[in-house]
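Each of the next two complexes has chain A plus one more chain, namely chain B in the first and chain C in the second.
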Partner chain A sequence: MINLFNYIDRPSPIHRLTGACKLVCLIAWSVAAMTSFYTPLLIFLTVASLVLFRVAKLKVKDISFMLGIMVVYIVMNNVLIFLFSPEHGTSIYGTRTVLFRIAGPYVVTAEQLFYHLNVILKNACTIPIVLLFVCTTNPSEFAASLNRIGVSYRISYAVALALRYIPDIQREYRDISLAQQARGTEMSKKASLVNRLKAASSILIPLILSSLDRIETISNAMELRGFGKGKNRTWYSGRKFSKMDILCMVVCLVLVILSLTLTYLNGGRYFNPFI
Partner chain B sequence: MKKFSVKTIVAIGIGAALFFVLGRFVAIPSPVPNTSISVQYGLLAFLSVVYGPVAGALIGFIGHALIDFSYGWGVWWSWVIASAVFGLLMGFAAKLLKMDEAEMGKKGLIKFNISQVVSHVICWGVVAPVLDILIYSEPLDKLFAQGLVAGVSNAVTTAIVGSLLCVAYAATKTKAGSLTKE
Partner chain C sequence: MEKEAIISFENFGFQYTAQAEPTLYDINLKIRKGEKVLIAGPSGCGKSTLAHCINGLIPNSYPGKITGSLTVGGKNAQELGLFGLSKTVGTVLQDSDGQFIGLTVAEDIAFALENDCIPTKEMHEQVEKIAELVDVKQVLHHAPHEISGGQKQRVGLGGVMVNQVDVLLFDEPLANLDPATGKQAIVLIDEIQKRTGCAVVIIEHRLEDVLYRPVDRIVVMGEGRILYNDVPDQLLCGKLLQESGIREPLYVTALKYAGVKLTPEMRPSYLPELQLSENQKKQVLSWFAKQPPAEKKQQQEVLLQADNIDFTYEGGHHALRGISAVIHKGEMLSIVGTNGAGKSTFSKVICGFEKPQSGSLTLNGTDLSTMSIKERADHIGYVMQNPNQMISKTQIYDEVALGLRNRGVSEEEIRPRVEKTLKICGLYPFRHWPVSALSYGQKKRVTIASILVLEPEMILLDEPTAGQDLKHYTEIMDFLAELNRQGVTVVLITHDMHLMLEYTPRAIVFNAGKVIADKSAAEVLNSPQIVEAAHLKETSLYHLAQQCGIGDPEEFTRRFIARDREVRKHD
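Up next is the complex of A and B:
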């Protein structure tokens, strides 16, 4: 369980970028994708993210599990949108082009399909980037990156602590769970939902109470070492920005500006091919 | 910016780690897609009461963002922010209602459960869907259905897990005036 965040160490230009730069790019990219419904831009972002994926030398097999979840998610989400409001596209784009009827209120319109395409593209252009970030950024560099982009070092340190203690807590969870199972707690699908919840609590209480003790110990240790005295701190895995980093961040910020300008020039968030 | 005490920082770190482990490995799938019955909100409510609103908000934010990162399905900022708001509201409610985590009697539990239900309604009924509309402009009724399922299931698990935690925690604390003169 060491590789929880699926960090894959492989020499590539993306791996060489500093964590802080990748974090800025990730945020900028997400903002660009979230604000826009401008279809050409979304298509461009999707294609670009797939290209970056190749550049990072990631293989489909590395991420097949996550890819599976993602596809299921996207399909479910779209089915749900269609079930709840088959006319959503019509209300956004203002026209109604009926392609064919299914039954009752479920009419397939070109507008609805176009809206679904946009939703899929919006997911498709951010998910590879998140995967890229997760697979190419060393978790221990993550906290240092947060501090670099201006998050207070105290909060960055909290993130570092979280990452540091996840494996420990996981191990403790497993130990307690096994101990409780040995005492006859049923956690599997055989138990009813309520019983499973109760069983979960019988594990949670020891886990959390022992974690509260842990909080006490760690904060005492940190206090003894004078944590929080200085204005800033240094990080073992912090790195300086290279030229490439700055270039990447500029490109991503340009994307955000582009997305906002397109929304502005388009006179609305939606790229409308129907009028 | 207000300085955090070292203890708050550690509580945020460990709390987020707990939130992550519970959310990632103890999730029980629910019938509606993309929503699972999550035990971690009981924990979040409890920790917010003990460590205050800022710690609660950050535990929710960091923990939820880490869960999304580790699944690699993209970070759903709208829901991450809703988790943070839940921690924040619970922390404020605890201050406002003067909940004393060391003495969780019947009264304390009622206060705890009322505030957690209200906070869940605000988070999953208002914050998450509104942000989803702003970001993804998905149909309203679908979002509210999702929010409803998430909110109700979270409120139920918080009621069970959170209350149990509060009681168990209070039992470990020495009560005020527990000493008697002989």
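Up next is the complex of A and C:
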């Protein structure tokens, strides 16, 4: 089965951090990466995120599906930037070093390539961290941590439940699809696009109906045990911050400050090697 | 002195907003502290509605009009509201998967405590204590899919007991459990009640299974009213159960057939204490002697042959270990075993949903391994347990026609075939109805019709009667038996022992990926080793036969079933 947003339980220092700490770090890390185009910082963050990935004992195989989507996203992003704004790099860095011409307005400049490098680096240093967070945070702790940083517990719990039911629904989808195939619904590439869409609807309708049944049961079960009664709730899996948690959060906040300082000292968001 | 009532209905009535008629009329019912009450009745009699009134889902989740009064713990239920009631009444729902909210056993038990803002440390201690009480301490950190159905139910019970409730309400606790686990659940409920002194209310139509441990009172409901509200022994002596479509314990029915006059003093509600005089035993013996011996069916040609099938799931779970079995043409047989014994995997292998790593499967002598799912479906139809998982069209006609349309059959040819199938399934009058207007049992028929229309030689049904009361059960099963008489081979995957005894002459028993028995249903259920390994339950007829000194309990069971089917057919 495809691993979408699943917790992968392995003994590692990253797994041991509390969910709330990891969430704070994730946010801080993303802010640091998003606000800056300071290339040395981005390179540092990218390398660091890959190291953290190793520390968490995650394997490429675990996340191959999501990694694929990420690569497609980065490629698309860059292609579109180039198509719509081939001179973007020139306007940012103020110089124009033509490497070669393609056709019409499409000219490849060193500035543009450098800009693309920065865009790729920004993706490459944040996306692994998001995956890292998703794969090392127990979903119930995830709810607890969302709640801890101020999100309403109802929403936090809803998000956690949705994540939790993904494997169940995947399984159900498979069962329904097999039963439909047995009745002759063609799901393979042999069928035309229209027929495949029709086939998909013949699976989605029963899937939605049975999910609605499931939702009714679970919401009754939750209310019967007092969910939604108070303004707050506590969490069985909630944990106090350890020294390590605090250290990590401090490091990530330092990164944000560093990123902002660099922007300030640099007199702009962009690190410019062309002047 | 009578104990004080913890739940008290007075001239209570309820009508759902969406319905034209009330569902409950004139309910007067008291449940006292520490009492154990069984509420029984056929589907649609209002027993679940009554339960929803007690736990507050009515009117919170299912709005409607309430008349009369309901007090719980001395307070008006409507004023207490859902959350207030949850402090007094703990509800264990029918679907032990659906009510598993937490990600692990511990979190699920803690759920109510979390909502009460109990500090984490204290919560951990309380969870530990409850886990010990319901005996799930070993699996505290397991996810729901890692534990058995029985354990899930224990967790469900633990999850409401953390509230220190005074009433435990069980909504059809046996519906999703295999017979042996159901038996354990009844024992557990009994023990918990004795230890905590809670009042226990069990909503269930499987009377005999609940009576495995004594109850104080049985309430029988029918069409929204209370028909009986007294001790069990009295009830079993009368005719009310049969009249209201609830199955009596089999031994009680057998005694009645034998002409034994039941009185409450004989204690008919609790088999271990049943008193039979020598004279009455003789009555049973002579009835047994008078019944014609049960017919044995002739062996037919082989339809499907499985040879040494081995299958391991991707994750490494070795589900089938060298399965060999034969299914004959025109047979009706059941495949039984615990959850995870391999029976569902076996059916998936037959349908081609999973490919076995070794072994062979032939149909009419042709190798199945080269056939696709779709090709196999022309010969073998598969009906899933939950009809909602199969139905994808809004109109009954379209749903039944789907398989033919997918196979490119012309509309002129489809019409007579669909109509013929709808007639066989008793759905012809509904052919222009939307599927959503049908009852669960009717939907089940639609799914069977949508498979039958492809004219398979064999149909394979996964738990066809799960959650059905006696009336719907009889309807579905008689329908399948009729199909079988018309020549369709019917294979049933089931937990239900009545079904197996009554309708299928042969049973294949799975255990831990192997076939451990392949013999008549009566033989299986009269063999203590097989019964234990397959998580089945001995029938009470076995015990009755022993008590009366009948040497061949199998034959007794067979003759009883033959007689019972005759009687019910004439009803």
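Observations
Throughout what follows, the second predicted complex is superposed on the first by the 220 of 275 C-alpha atoms of A that agree within 3 Å, B and C clash if a C-alpha of one lies under 4 Å from a C-alpha of the other, contacts with A are read in each partner's own complex, and residues count from 1 in each chain.
Following the convention adopted for this analysis, a contact is a pair of C-beta atoms (placed from the backbone, for glycine too) under 8 Å apart; a residue touches a chain by one contact, two chains touch by 3 or more.
Note that the coordinates shown come from a computational prediction; the quantities given were computed from them, not determined experimentally.
Once the two complexes are overlaid on the shared chain, A:F227 sits against chain B and chain C alike. Of the two partner chains placed around the shared chain by superposition, chain B and chain C are both touched by A:L209. Looking at the superposition, the partner that touches the larger set of chain A residues, chain B or chain C, turns out to be B. Of the two partner chains placed by the overlay, neither chain B nor chain C lies in contact with A:A110.
In the superposition on chain A, A:G184 contacts chain C only, with no contact to chain B. By the touch criterion defined above, A:V134 lies against chain B but remains apart from chain C after alignment on the C-alpha atoms of chain A.
Residues 160-161, 164, 201, 205, 209, 214, 218-219, 222-223, 227-228 of chain A touch chain B in one complex and chain C in the other.
Partner chain C is touched in their complex by these residues of chain A: 138-140, 160-161, 164, 172, 175-176, 178-186, 201-203, 205-206, 209-210, 213-214, 217-230, 232-239.
Chain A contributes residues 4-6, 30, 34-35, 37, 63, 66, 69-70, 72-73, 76-77, 80-81, 83-85, 88, 92, 119, 122-123, 126-127, 130-131, 133-135, 152, 154-155, 157-166, 168-170, 173, 193, 196-198, 200-201, 204-205, 207-209, 211-212, 214-216, 218-219, 222-223, 227-228, 269 to its touches with chain B in the complex.
Every residue of chain C that touches chain A in the complex is listed here, in rising order: 55-57, 60-61, 82-83, 86, 91, 93, 95, 98-99, 101-104, 106-107, 110-120, 123-124, 127, 159-160, 163, 348, 351-353, 373-374, 376-377, 381-382, 384, 386, 388-393, 402-403, 406-407, 450-451, 454.
Chain B makes touch with chain A in their complex at residues 1, 3-4, 6-7, 9-14, 16-18, 20-22, 25-26, 28, 32-34, 37, 39, 42-43, 46, 50, 58, 62-63, 66, 68-75, 77, 135-142, 145-146, 157, 160-161, 164-165, 168-169, 172.
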